[in-house]
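After this come two complexes, each holding chain A, first together with chain B and then together with chain C.
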Partner chain A sequence: MALKQKPSWFEVFYTYALIIIACLAVLFPIYWIFTTSLRPFDILSTPKLELWPKGATISNYVNIFKDKNFYMAFMNSVKISVLATILGVVLATLAAYAFSRFEFPGKGPFYYYYLISQMFPSVVGLIPLFVIFLRIGLLSETPFLGIARVHWGLIIIYGAGGLAFSVWNMKGFFDAIPKELDEAAMIDGAGSFTIFWRIILPLATPGIAITALFIFMGAWLEFVTAMTFLSNPKLYTLPLWINLSISNPFGIPWAKFAAASLVIAVPVTLLFLFLQRYLLSGLLRGAIK
Partner chain B sequence: MSKVREWLTAYGFIAPAMIAILLISVYPLVFGVSIAFTDMSVFNYLSHGYKFIGFANFSEMLTDPETWILTYRTVIWTVINVFLHVSLGIAFAMLLSKPWLKLKPIFRLILILPWAIPSFISIQVWHAMFNEQFGAINQLLTMIGFHAIPWLTSPTWAFLAVIITNVWLGVPFMMLIALGGLNSIPEEIQEAAYVDGASPWQTTRYIILPLLLRTMVPAIVLGIIWTFNKFDVIYLITQGGPQTVVTLAGHQKVMGATDLLITKIYKTAFQYPNSWGAASALGYLVFLVLLAMSLLNLQIQNFVKE
Partner chain C sequence: MARVYLEQVWKKFGNVEAVKDLTLEVNDGEFFVLLGPSGCGKTTTLRMIAGLEDVTKGTIFIGDRVVNDVHPKDRDIAMVFQNYALYPHMSVYDNISFGLKLRGLAKDDIKARVDEVASWLGLSELLNRRPRELSGGQRQRVALARALVRQPKVFLMDEPLSNLDAKLRTQARGELLRLHKDFPTTTIYVTHDQVEAMTLGDRVAVMMDGSLQQVDNPQMLYLYPSNQFVAGFVGTPPMNFVEVSILNENGQVYLQHGTVKLPVTNDMAVMLKEYSKDKAMLGIRPQDVHLADETRDIENNDWILHCESDVAERLGTETYVHFTIDDFELVGRVSAVRSVTMGAAYDVYVDLSGAHVFDSQTGVRVCSGTSPERMESRLGLKDTTHVQDSSAN
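Presenting the complex of A and B:
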């Protein structure tokens, strides 16, 4: 696009007009949820659209943190997401290293596996998983190591469910580390695991951080699996708590919903904005080559 | 390192991930096939009262006209969504690539927001905005002199509502892919076209667009698969509803006006009639359709390359 042509006024006009219309369409729901979260009444009863709510207040945010059920769901989500992330990162890092450094039979089919795993509707996979987990007791509420067994079930699914993507993503970071480093260490007599642990892993820290954050974000607001596996409100995760609180038959507490949504979504959204270029580089690498 | 030793080392590193994938993805996939040949449900599972019923689930599914209505609707849903995702994505990527555009980073940041916000939250926000009485969209419409629209109670409007939401969610991803694709097209190509006397429109239409679409094929295939199996948008906004009475082959039947194959599968398995067997059979139909489509696409791509 280096052609130094002066654009016509019409081109300038429609370019800005279309981009600004699109920006408004994107920002409107965000603006709406933000102003709703500041409404003083807990029920969205204004039939008119207000630019700025009358008597705007932050009391909804304060109330969220006083809500015991919100706190419980928040802690459940933190616990599950963090453990799932640890599990997923360990598995993905080890496997990605092998895909980056070694040649072995069966390497090729793994790439097809990624596409195929996307085709199999995750909702359909839920049925056999539900049955298997029921059989091995991973749907029960009795704790194991201080965590409800059904939560362990979710941890395993969130940690291992997106492995194909995590491995693919992590491999890109390993590929960027020169192979000469491995070879030099091998000449010095280091074994494969030592090379991986002592030399490659420290260099791949940014990649590990990014993979970890993606797994975390996938688990943080996952809805379908949690909805299917969890029946006791005490064990609910954040999305289920939100769903429960807005299915109030006596009028949806919109302001509370809005404030909670923002509290839950804003940190994750900021992280995501920061990380998105890493997410895309993998897909584009595949696309351009 | 000898070849065999290299293999063994590699398998050692991969083993934990492979075991997890076998346990969480492959075994359920295979086990799911066997469920599809039984009448297993939440009621007979624990008592082992379920039995092998051969192809009964499949024949029932294939002779039920509802299956075909849902398939047709899922295809329409996928075509509309992916078409809008890709065309709007490319359009805005091209607008954002204009060299004289000011505030580019800010526009770009705003336009990718729908992709960055956790979709569970944005879907719930759209759900709230479609509320007939108190939703922001009807408030906006009545403010500028239109009638309120029965977004969630009329079959047609409800389908439009879920499409609007899904388009809002999906355009940024395709836009980013298109932006990456545009960057990968060498500037010399455009300069050469300019020197040869092509107008900007001709350059875009006959040179940039075909090259761009080719780089976007993997993303578009993924987009089709994702859209075909899109569950949360439908489930959270309309739950597949509103319920409508359809006359099928002389019989009256109540079915959700916005149900897709995927929501039907979920409901069959985890709501009434809680039939895991029938739901699995329907799930494998979806899987086979997508697999066939992807293989066909692979063939076409290879054909084009040669």
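Presenting the complex of A and C:
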């Protein structure tokens, strides 16, 4: 550290300038959506730059929370996203652990298959999935374990759909855990599952947090698949509810749309804040040397 | 405690033969060292004994049981890894007790055993800390404690001191010796450090390129290396080697290189007269090369060479001087108080009674300046039957 020189005023200036520009680029659209949501009229832009809308009101938010369909869609989204996340994390960690630690025939081709599957846009699979789910009864609204079958269909798609990325991501975390820890545990008397559960998983929590966040966000905000599979408004998820509630023959109610967008972003933000403490680096320090 | 026996063990990784036809017996309660440069197969051998690598061919016994297909957890062994492999998310206590918990011991028993081992290794104050809060030496002791607490039949140690600094390593070496004295469990210790091997091992096995070169006690390994590789690997500074012609003139045998012509000892002469080749490799330890005026008992005046001093390495207790003569270099030991002028001429006494002659092609030892039988009486060694005296071949 002693070699590090104090930065010149110019370095300090352009470092901060870049940080401020980057922050503005990210935060300004959010600010714009927020001010739009407070407008009393459905206007997206004004002739003059208006940093705070005239006659700002929270009525758009009040209307959302008065809407019974919002709560229904919210519960549907929670159910689908949470279960999809659990399914995705379980599948991704187990698959990634196998790819990281075991040798088995076809390991290489399987792994490439996973990665190649990521390269196709998800829309490509939409029609085949629709047909398959129709045949096996996963488009029906009759409940299974208290959840509509069509929701189970979405849970499977959201949970398994992002597996390529999740497995690749988790494998990276597992690979970083020294194999000597597995071996030490093996000699200590642990079997494969005990090693996975008590040694590897606790050390891969940052990876699990990122994977969970990724799957949850994907499921929470997904629109096209849900739109294709869900026909009954009672089973709608939040993005479909927004679509429904802003359908208006006289034009799009932008203020309502902005308020609804912000409201559905809140759970994702909260989840991110909650998981942030697991995203700590340095968890492996002290394992070796 | 148990003996460990490897019978004609092979290990192949694809086309690479990591261990070749290895037969070894480690006695019950013995501190046995596997020594060799990196890539010689010593760690692979240890991992096969641990069950972390499959055996390609051959049999491994722990006690009287064949363990080739036994899971590591059922072999009743404990291992200390080179990088310690502590569980970073667990406290020191949990690290040490993990194996006992998995084996279903009662909580009180576990606590008693962990406390005992911790106090023995000076870890009692650290039991609640995480590995990242410990120094290198403390982590090494936790790794040792984790192995000790299990009271296994065999300890396996894979270069456990290599991550410590020089001072700590010397201290840890002493602790390991003390530990083995108090708990005389069969221990197999892997290292590339010959000083560690010599100071710790009851017996040392030297390996190269997957093959066993020699198994012996440290003293015999040093005095009678079975081949040129062992001779060069064991001992610091390494042995001097020079290619020589074998001359037989009027019943006297000489070793000649350029203008240097040395008459051999009687023990050497007996063997060399029957040796079929006329070229060989002469090996002399720096400890057998002195300044002539510092040597009290000069056995043979023809062993004095006129050399030029080149470089001196001062160690405090002694000085090693690189002498040159003709086109080769000889490293010799000079007393620490002697000042040596670089580039000056000196009379250097080469004590051939401690020298060895190796076959130029195979590297196998042909003969030594003093035969093992006479060295035995000189050093007071009792048992030299296990010396692999290649001169018998």
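A few points about this structure:
Note that the second predicted complex is superposed on the first by the 213 of 289 C-alpha atoms of A that agree within 3 Å, B and C clash if a C-alpha of one lies under 4 Å from a C-alpha of the other, contacts with A are read in each partner's own complex, and residues count from 1 in each chain.
We take it that a contact is a pair of C-beta atoms (placed from the backbone, for glycine too) under 8 Å apart; a residue touches a chain by one contact, two chains touch by 3 or more.
Given the structure is predicted, the values throughout are model-derived calculations rather than measurements.
Once chain A of one complex is fitted onto chain A of the other, the partner contacts of A:I58 are absent, as it touches neither chain B nor chain C. When the two complexes are overlaid on their common chain A, residue A:L203 makes contact with chain C while staying clear of chain B.
In the superposition on chain A, A:L221 makes contact with chain B only, not with chain C. Of the two partner chains placed around the shared chain by superposition, chain C is the only one that A:T194 touches, whereas chain B remains out of contact.
In the superposition on chain A, the chain among chain B and chain C reaching more residues of chain A is B. Of the two partner chains, neither chain B nor chain C is touched by A:I136. Using the contact criterion defined above for the overlaid structures, shared-chain residue A:M75 touches neither chain B nor chain C, since it reaches no partner. When the shared chain is aligned, chain C comes close enough to touch A:E180, but chain B does not. By the touch criterion defined above, A:I30 reaches chain B but does not reach chain C.
Residue overlap on chain A between the chain B contacts of one complex and the chain C contacts of the other covers 186, 283-284, 286-288. Listed in rising order, the residues of chain C touching chain A in the complex are 50-52, 71-73, 77-79, 81, 83-89, 98-99, 102-103, 130-134, 136, 139, 146, 150, 163. Touching chain B in their complex are the following residues of chain A: 1-3, 5, 7, 11-12, 15, 18-19, 22-23, 25-30, 32-33, 36, 44-49, 90-92, 94-95, 97-99, 101-105, 113, 115-132, 134, 156-157, 159-161, 163-164, 167, 186, 192, 196, 217, 220-224, 228, 239, 242-243, 246, 252, 254, 257, 261, 264-265, 268-269, 272-273, 276, 280, 283-284, 286-288.
Of all the residues in chain A, the ones that touch chain C in their complex are 178, 180-181, 183-191, 194, 199, 202-203, 282-289. Put simply, chain B touches chain A in their complex at residues 1, 6-7, 9-14, 16-18, 20-21, 23-25, 27-29, 31-32, 35, 40, 45-46, 91-92, 95-101, 107, 109-122, 124-126, 128-129, 131, 133-134, 136, 139-140, 143, 168, 176-177, 180-182, 184, 187, 190-191, 194, 200, 215-219, 221-222, 225-226, 229, 231-232, 235-236, 262, 265-266, 269-270, 276, 279-280, 283-284, 286-287, 290-291, 294.
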